[in-house]
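You will see two complexes here that share chain A, one where it goes with chain B and one where it goes with chain C.
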Partner chain A sequence: MSVLLILVPLAAVLIMNLPLHKLMRKLAFWVGLVLCMLQAVLIIRMPIGFWNTQPDLLYRLLLFRPFTDNLAFVMFLSIAIVGFVSLLVARYAIENDGSKLFNFTNLLLLAMAGMNGLVVSRDLFSLYVFLEVSAVASFILIAFNNGKDALEGTFKYLVLSAVATAMILSAIGLLMTVTGSVSFKTLSSVMGPNSGNPVVLLAVALLLGGLFIKSGLVPFHGWVPDAYSSAPSATSILLAGIVTKTTGVYALIRVVTKMNLLTHQVQVLVMAVAAVSIVVGALAALGQSDFKRMLAYSSISQVGYIILGLGIGSNLALAGAVFHLFNHAIFKSLLFVNAAAVEKQTGTRNMDILGGISDKMPVTGFTSVIAFLSTAGIPPLSGFWSKLIIIIAAWKAGFHVYALIAILASLLTLAYFLSMQRRVFFGKLASGFEDLKEANLWILVPACLLAAITIGLGLCIPWLLNSFLLPIRSIL
Partner chain B sequence: MDNELIVFLLVCIPLAGSFLLPLVRLISEETRNLTALLLVLASLVASLFMMPVVLTGETVTVQLAGVNLFYADKLAVFMAFVSSLVGSIIVLYSFGYISHYEHRDEYYFMVVLFLGAMMGLIFSRNLLALYLFWEITAIACWRLIGFFRDRNYVVKADKAFLVTVFGALMMLLGFIMIGTQTGSFDIGIIKKVLAGKHLPNIAVMLILLGILSKSATVPLHTWLPDAGVAPSPVTALLHAAVLVKIGVYVYARLFVASFDIDEIWHTIVPIIAGVSALVSAGAALVETDLKRIIAYSTISQLGFIFLGLAIGNNIGIVGGLLYILMHSIAKGGLFLCAGIVEQNAKTKDITRLGGLISVMPITAISFILCAFSVMGIPPFGGFFGKYMVIAGALSGDKMFIAMLFLVGAFMTIIYLFRVFVMIFLGESKLSLQNIREGSNVMVFSVALLAMLSVASGIFIKFPFDFVQSAVRQMTGGLL
Partner chain C sequence: MTFDFNMMNIFLLALFLAAGVWTVLTSRLLISAIGLAVTSIMLTILLFLMKAPLAGVFELSVCAGLITVVFISTISLTKPVEKSEVLQLKMKRLKRFVFLPLLLFLAAWVLFAKPLHLTNPAQVPVEQTTLQHVLWFARRFDLIGQILIILTGVFGVIVLFKTKTGQAEKQDNER
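Right after this comes the complex of A and B.
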């Protein structure tokens, strides 16, 4: 029934936009919240068999049969949580402008439908279509406030996305001519005998390149800092937390594992790109003084870890990668929530002006500490475990140098976040902020929710590891 | 009660209880302070309960989710007793010291969390659990060192965090090496799989980096003097009683009690320790900041503990463990005395102080008693520890290293006398009129530590017997 996760948000958007009653526009925000919650609850409550059944009628209507596994579960859950948080933050940041909130909700639901579809695609072409759906929605979301910076950020994202799309689409075309099909199933069995075929090699290169751009990996990361930092706070959360992770990273994981792409050359390429992203992202983050820009660079670095896990390719590594993807959705959203609170309450995100504001904003300060410790991989928070799994897997597979890079980059992560803490939260209150107040509940609730997930997951890991994370590979 | 349950509670009461402290604050300030003290005392009482149990030679393993999580033997109980004893006195002292600063909730939260993590670390039987608690102590340290929130102080807190995390990450890599080689992170299982073989030298080196960074040994020591910007009870907790003992404890736990390491480390580690002891003693001789002097002294004394543990014979190990106890008590006392001086005289610069014995006699006497113990003057507790460490070096035919440490011991006497004379004797350069003795709990705490320093020397039989049987258990290889 996972097709419902695509159809229901789409239907909601359609119905809410019918000119029936004024009340519809007011209720839109709540409908969005309920849909996100429903998705999260259903994913947790319903067994996998439920999601993989589909009435014949629906198939005949849509000609689309979704495919759900544990990995898809993780993604659905992340999408629901981040969507929920993003909506609440939108309510906080936009306040009482009803029509803006209405537009935001619509676009968010559209992006959600796109992402949910991408997650369950079983062929390359549907993956591409859903990728475009969520990308288009996110272009508008970034430019939401029509600011000059935001338009610039959108434009960069748009141009690079167009390049990526062209690459992916040509790859699909080339693969189609060689194999006559775009379904992962056919592609996976045909890739082996054709591995020497230059057309196939070109197609693989184009495909990987396009998805690297979408994931924002170094050296294709140019759009990431601008798009993340210039977007409205709620959009940054959505974008950093889940959109790039689904359209780029998840798609990459799916394509590489489903199509058995991980030959030696691809592995070397993927791991090199990952290691460079980890280090360059962290080093660049060290030099930032804009709160959200720092978080954007941090995102690049963390995506590197996920891709590193993909590149190692063992069961353990993939489990670690998927777990880190989920963790990243949680802790990076939390950091962007904190950034949203700071920006709204103080009117700036320049860290050189701020200082010591956790005295005035204790909840925001505390949750930011939890989030950054999790990002830096300090136990017992959940981020530690996913990094640990990836590093153990790297060591086991014999990639000692990569394990060393991954470990030492944690120190860099810690370094830039400590500088962020020192300049924003921890320290003497900077002058001019004596009347600062803590943000309201619209933002404290999501912040506490995300912090609770980070702590809770970290403490429950011995139970999770064997029952949920390790089986992921067997189904992939 | 179940022994497993006692060990479990010993760790979890302070660890989980610390999170309740900010909530208890809603009742009243005093209730929160008392709760904090009770949480730490719970660990002390539990470790006292465990003493007769482990003395019979029994060991206790606590399982959680199918993993051997905690393990209690004589070494662990001894260490838990030392840390919770000094920790309790420091929390008591904080009642007076911290009462007129802001962020008191965070202070008690972090101190109790820190002690809880320390207990967890002591009893960990799993290398990953050990690493986990190790990092929790680092987080608590970071907040506590930056407690006063000045920009400079926070920078120093960041430095301490980064240096110790660097070491810890290297150690983690070492753990991962061992874990992938043997297929488990459980110390007991690893020992069985290794079956008397040496640990790989690279893994030992990586783990040593972690140990040396936490126990502030040259060349990874620079964060420790800088961390003196923390409130004095915190410096006592970090530099004297608990934090820096983590490294030496893990050394004892892994390389003495559990795994065999290559013979060469029994020379390399004492040499590092010797260099560390001399360099930092030299630094202590020229410093003029009271707390920095005592901090350098800590680095120097840690060298003695490392020497004892690493020299590779039982006399040395007994000496090293005894000196952990004696040094914790005495150095804790010195830092707390420094706190009283600093708070009342409003300066830490020893060149500007003098003649304070006339206005704060109890503090002065406590200071000199604790100093005697650190100097190693008989019959104070420190003497026995130092004596046995050096005797261990001699019986291991390491004449040169023993000489090195004798010089270090001599320098200790000089710089501690220098500090005492400059602060408490002679003419004051400040007006003494406004300087008074510290508050009652503070003076009581330092006097208690001074009395313990004396008593531990006079009644040396009890700790000595316990430590001796612990060492027999460790080298007998029960785990």
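Right after this comes the complex of A and C.
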């Protein structure tokens, strides 16, 4: 049934653009919200067997059997939550332009369909096709307001994304010449005997390089700060919260685990890139004065943690990586929601101008504290547990240096977020903001929802770890 | 008189490479677009020689034909740079290619130092199937992805161009 997660948003977009255009234009936002909520509720409520069944009619129509496991569940849920939040923020930021909100909703649903398709893909080529759907939708969503900075950010993302696409497609072509197949099942069985083949080595290098670009890892991160900071607020949430996670990180986890790519050389490469990303991202975030730009560099650092877990490769490390992937989707979305509220209410993102606005915007200030404490890995919030799991896994696997890097970078994270809190929310109110008001419910509801998830996940960790996260490796 | 296909292939590959380099290095957009079309035509001939006529037809009609028309139409909407800026831009552009010879040398060294064995005898034979069969029976799921991309492209045009035209008209009316 997981194929419905692609077909329903697609059908919704088609129906919304039928002749009853004026009526649908008014309803589009609500249709988008209901679809996001429906996806989240069904993912939580329905068992895994439900998602792996395929009615005969659907099978005959698509000739495809879906593939759903715990990792796919995490992704579907993240996509639904971040999509829901992004729509609410779009409503807050776009306000009175019905046409813009209608277009945004359509593009968001198309991006969601693309990301859901990527998650259920059973072969490398389908993964590539749906990866492109999400990427194309993202380009347009970044350039949505037609501003100069946004167009520049889109252009950078477009060029680097095109390089990544060329690399991934070349890798698929090379693997086809050697193995004759693109399915994960066949590739995993033939990768071992062919691991010394130079063509296969070249293909693996191209594939990993392409996915590193999509994940925004150092040194392939050039597009991330510009794209995240120049995009409209709702798009920034979508990009940082889920698009980069799905098209880069999830695809990387799926490809590495499904194709048995984690040889010693690949492990060294992946862990080195992860460690450099953790440190460089955190150091670069320290020197930023633009709120959203700082969050973009912070994302690079946090994605490094996820990839570090993937590189370690043990059951515990992968559980930590997947948990951190979900946590990061939640708390980074929350921070971008806060940034959207601050930008809209104050008219600036420059942290040097802001100051002491927590008194005027108490809910935004409080939820941003929750998000930053979670990002920095302070107990008992969810970010603490996922980082702890990754660090323990690194230590247990004998990667002591990497564990130390992860701990020290957490201190850097704490430093730049404390600096952000002090410059934006705490201290004396900056002049010119005396009449500042708290943002409205369209943004406070998603902020509170994401903060509640961050706290709730932190408190539920014993149950989550044993029942959901640790079994992930065995079925990957 | 016998026709040497190997020599022909090498000659076409050299032309293909030269056209590609020309496309990237030239400073004029129009020349670059034409260079891209020439590159596509070379690739089309190579695809025909490699017995891939369908790929050749797509390459010729879409890349050499349609995309070139779109590029040239777009270029016709732009205005040329000032004469004073030409030299400045030329120097700035050439700086980007400083490392190109080094990259080419490295690529050649890698290729010659470690042959890629592209004609590996252990290759899996590819099933003899038609394009229609592959698209309709083997890759039907990917067609949904293609539909999604087309729809996204349509919204892209609406968001980036239609809205902009509307804004421009509004500004004109205000004046």
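In this text, the second predicted complex is superposed on the first by the 475 of 476 C-alpha atoms of A that agree within 3 Å, B and C clash if a C-alpha of one lies under 4 Å from a C-alpha of the other, contacts with A are read in each partner's own complex, and residues count from 1 in each chain.
Definition applied: contacts are C-beta pairs under 8 Å (C-beta built on N, C-alpha and C of every residue); 3 or more make two chains touch, one makes a residue touch a chain.
Predicted model only: the values in this text are computed from it and were never measured.
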Under the stated touch criterion, which partner chain does A:208 make contact with: chain B (first), chain C (second), both, or neither? neither
Looking at A:117, would you say it contacts chain B, chain C, both, or neither? Reply first, second, both or neither. second
Have a look at where A:317 lands relative to chain B and chain C in the superposition and call it first, second, both or neither. neither
Considering only the touch criterion stated at the top, classify A:197 as touching first (chain B), second (chain C), both, or neither. second
First, second, both or neither for A:129, with chain B first and chain C second: second
Report the partner of chain A that touches more of its residues: chain B or chain C. C
Mind working out whether A:392 is in touch with chain B, chain C, both or neither, as first, second, both or neither? first
Scan A:181 for contacts with chain B and chain C and give back first, second, both or neither. second
Enumerate the contact residues on chain A facing chain C in the complex. 6-7, 10, 13-14, 62-64, 99-100, 103, 106-107, 110-111, 113-114, 117, 125-126, 129-130, 132-133, 136-137, 139-140, 143-144, 146, 177-181, 197-199, 202
For the chain C and chain A complex, residues of the former touching the latter: 114-118, 120, 122-126, 137, 139-142, 144-149, 151-153, 155-156, 158-160, 163-164, 167
Of all residues in chain A, which touch chain B in the complex? 356, 359, 373, 378-380, 384, 388, 391-392, 395-396, 403-404, 407-408, 410-411, 414-415, 418-419, 422, 426-428, 462-463
So in the complex, which bits of chain B are touching chain A? 64-67, 102, 128, 131-132, 135-136, 138-139, 142-143, 146, 149-151, 154-155, 158, 161-162, 165-166, 169-170, 172-173, 176-177, 179-180
